[in-house]
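Worksheet for the structure shown next.
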Amino acid sequence: MTRPQLTHIQIDNYGPWTVEPEPRREMDLQTLQSRLFADIAQFVGSRDGYAFFTRFDNMVAVTNGLDQADHELMQESIGNRYPISISLGTAVDPVPIEALEGATERVQQAGSAQDRGRREVLGGEYRPPEEGDVSIAHFDVNDATGKYTDRLNEFDSFIRIEQAYASLMRHMREAHGALSFFVGGDNVISVVPDMAEQEYLDAIDHVSDDADVELKVGVGHGPTPHDAGIDAKHALEDCRYDGTRVEFARED
Amino acid sequence: MTRPQLTHIQIDNYGPWTVEPEPRREMDLQTLQSRLFADIAQFVGSRDGYAFFTRFDNMVAVTNGLDQADHELMQESIGNRYPISISLGTAVDPVPIEALEGATERVQQAGSAQDRGRREVLGGEYRPPEEGDVSIAHFDVNDATGKYTDRLNEFDSFIRIEQAYASLMRHMREAHGALSFFVGGDNVISVVPDMAEQEYLDAIDHVSDDADVELKVGVGHGPTPHDAGIDAKHALEDCRYDGTRVEFARED
Amino acid sequence: MTRPQLTHIQIDNYGPWTVEPEPRREMDLQTLQSRLFADIAQFVGSRDGYAFFTRFDNMVAVTNGLDQADHELMQESIGNRYPISISLGTAVDPVPIEALEGATERVQQAGSAQDRGRREVLGGEYRPPEEGDVSIAHFDVNDATGKYTDRLNEFDSFIRIEQAYASLMRHMREAHGALSFFVGGDNVISVVPDMAEQEYLDAIDHVSDDADVELKVGVGHGPTPHDAGIDAKHALEDCRYDGTRVEFARED
Amino acid sequence: MTRPQLTHIQIDNYGPWTVEPEPRREMDLQTLQSRLFADIAQFVGSRDGYAFFTRFDNMVAVTNGLDQADHELMQESIGNRYPISISLGTAVDPVPIEALEGATERVQQAGSAQDRGRREVLGGEYRPPEEGDVSIAHFDVNDATGKYTDRLNEFDSFIRIEQAYASLMRHMREAHGALSFFVGGDNVISVVPDMAEQEYLDAIDHVSDDADVELKVGVGHGPTPHDAGIDAKHALEDCRYDGTRVEFARED
């Protein structure tokens, strides 16, 4: 059974920091945020987890395989190298949104995101690596280059992708408790519970009706997000070659 | 009159590179993309321009004040330090979407985004710094911390922000040819043509009706994106203190 | 007994790459090199190892606790994100220079550093984490700020530190097979075999005679470089407070 | 006439910060230091200056072409993105060491490197870009790969390079007031006053006698460090092809 471990990463008291004593240069904030995400992606990713930038001041990671000591080290290392610190809450549940609910609660219980006194919360439960698996679905847009990138101006291409993403993220969350993240280009990665092929087809149809964008999806399953995610990528390549809309990775 | 200079930045042949010979680790791609954006944000930002991550494989920058030599140097420096190269198209127009249309065309005319032979396109027109100005609008969500971040799980907070952004970006583009970018947290920055207060109020009302999220906005104007953007941030602080929905920066 | 595991990291065919087809901008090379080192320092360091920049195109790491899979992942991740690739050789020996000798041999046997066909060598032996320990000595200069930094111009301060380092590195290598690395400021970190207090005093006297710079040293011992190194730092703090020249960390 | 503008970059109160409240993880410090240098190398380098890591907590840059506003922006941007801040002193003189002497004085006059109250010093004089030129000498070791890298273990190769550098840096400073920086591999870059061919030959002979390492050197001259440095690289390539020991770049 799928048992994802979700970590909510929140920069402590970030909003006020960005404007005190004066609003800081926006491109410095953008640089800080994207490098912080890159560092977290490396830390989590080199331990076979997945991290997503989400809102940048709040990030979400799938951390199956990372224990409390790993989380503590990530928190300490960021605190040593950035002008800001991070709080971390972690929880486990078969349904991704329930796991994240538990993760966020650990952070919220310690105080507000804008509480000056709340710093480096570290709370949660961590799943032993050998228990349960993770499922990852990797969506992309059919022929995005031919239909959008090579034809429209970049913003109009972006609007299509963004509307499709907004539609998909809401549907997947409401119908399945899945968490879907735009990861650049025309790609969306979803942390999913066990879902049947027809449910993926319904999601694709929903986006086609709602946002007039055609998706396909590869689904992978494995002991870590990286294992599941690489399988999902291979399955998506199968869609591309076979012209199909949903492919599940072959179990090894 | 507002005369923004827009640059479209496109990674050459990126899609195929990410899966050849085998799909690459997703967290390495995320790291590469976000660091590339950070480097471009620093290069452009330290010359008082603004860069936005957009789709990461395609980025948009407001580059008033950067000439062709600056663009060439950015392209060379990225090519020296990354496993990928970038193409750049630049154009100028009072209406942001028109400027971007011209910028994208420079890149598209040289070949497809997935053309193996097309590499390091550098095309466009560059505005002399002293001619014309830029307008920037900085939106954020009223009490996002209290209403969402401190109450909902992080994904449900994110969905609200994302739906508001999807609604705002489309309205601003369709009604005004403005380009709106999510920049993290609950912030959206728009590159705008000359717009009246009522038009901003209408945009805010549109998002309230469409996505049930309440926004406010500060608007700045200046010779560079940084000048305009800092004024917009100050104007937004004025909204916060005065409880208003739209503030224009005082002309110095 | 001390059993350090040493890894030699070599950029493949780097020299020719820096000048082909034309010499590349020096500051781009400096940026590439120092960020590559930073990434390796994070990868190795977050697994409680130590990495040193050495010549930047060739780096040395103490990798007790990292197995072959870790080395392979580091190599793959760098290859995914940089325009260059790295080769890795690893070996274990009670005497650090002997371990490094074995590590370098793994790389050299596969071909020259400037062999175009030699790419991503991965060779060596890896010590099970529970076997043996590492010793780290952390040297610094007595009152470097008061004697040099606050009095001399920066280059003349740097010359003093550099001459002291050149003297210490040679003495420690010739007399003990220890590997000493300048790590910035007035700090030198040595990977050492078992050494007696008098041997450290002799090393300090040697540098005093040879380069007229006064050092002190803290020595730590532990299962990983980080454990040993943090203990060495605490021991060095003890020197500072007690005015002593050599301190060994208390065994817990 | 050569008129280099030198900037001394000093991290404010860095030593105490690294050990308070407890000694910080060494690999985090190494990451912080090398990324800070990389950012400064990009900022200065993309404006055609040169930056050197020197002791990392104190760096030296040749900043011809960068004015006070550029220095102020670099300082602000670092302060926005790092947990530490930097002080900057700048001065101009035909002899590099004299320029640096003036630069360091600006910083020292404001207080000690470990003065808690001294923060973000910005002092100095800036040369108008059109006045005078810069000379750069680029040294490397003859056949370092064949003699050292492919034959010796990495530390013994490094010792040779390091001893040669220690000898060269001292000679060039004492005889000519030149500032020589190891930049990785087997390369040393010197900021030099006007020097005759025989003086370069004497420097090379000095290192050969003193450290038994054979060098060659290319010398360039231009309005900016980058211009001079690229010419020096080309001249060094001429040495390589012609088997000569000193080459001056042809004046265009």
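By written order: A, B, C and D. Residues from 1 in each chain.
We adopt the following convention: contacts are C-beta pairs under 8 Å (C-beta built on N, C-alpha and C of every residue); 3 or more make two chains touch, one makes a residue touch a chain.
Computed from a predicted model, the values in this text were never measured in an experiment.
Student: So which chains count as neighbours of both subunit B and subunit D?
Tutor: Common contact partners of subunit B and subunit D, which must touch each of the two, are A, C.
Student: Average the CA atoms of each chain to get its centre, and name the chain whose centre is farthest from that of subunit D.
Tutor: Centre of mass proxy via C-alpha means gives A as farthest from subunit D.
Student: So how far apart, in whole Å, are subunit B and subunit C when each is placed at the average of its C-alpha atoms?
Tutor: 42
Student: When the centre of a chain is set as the mean of its C-alpha atoms, what distance in Å lies between subunit A and subunit C?
Tutor: Taking the average C-alpha coordinate of subunit A and of subunit C, the gap between them is 36 Å.
Student: Whole-Å distance, subunit A centre to subunit B centre, using C-alpha means?
Tutor: Inter-chain centre distance comes to 22 Å.
Student: By residue number and range, which residues of subunit D touch two or more other chains?
Tutor: 25, 28-29, 31, 35, 42, 46, 77
Student: Which stretch or stretches of subunit A touch subunit D in the complex?
Tutor: 24-25, 28-29, 31-32, 35, 76-77, 80-83
Student: Which of the residues in subunit A end up touching subunit B in this complex?
Tutor: 8, 10, 14-15, 19, 23, 25-31, 33-35, 37-38, 41-42, 44-46, 49-51, 53-58, 60, 97, 100-101, 103-105, 108, 112-114, 145, 149-159, 161-163, 165-166, 169-170, 173, 179, 183-186, 189, 226, 229-230, 233-234, 237
Student: Show which residues of subunit A lie in contact with subunit C when the two form their complex.
Tutor: 39, 42-43, 46, 73-74, 77
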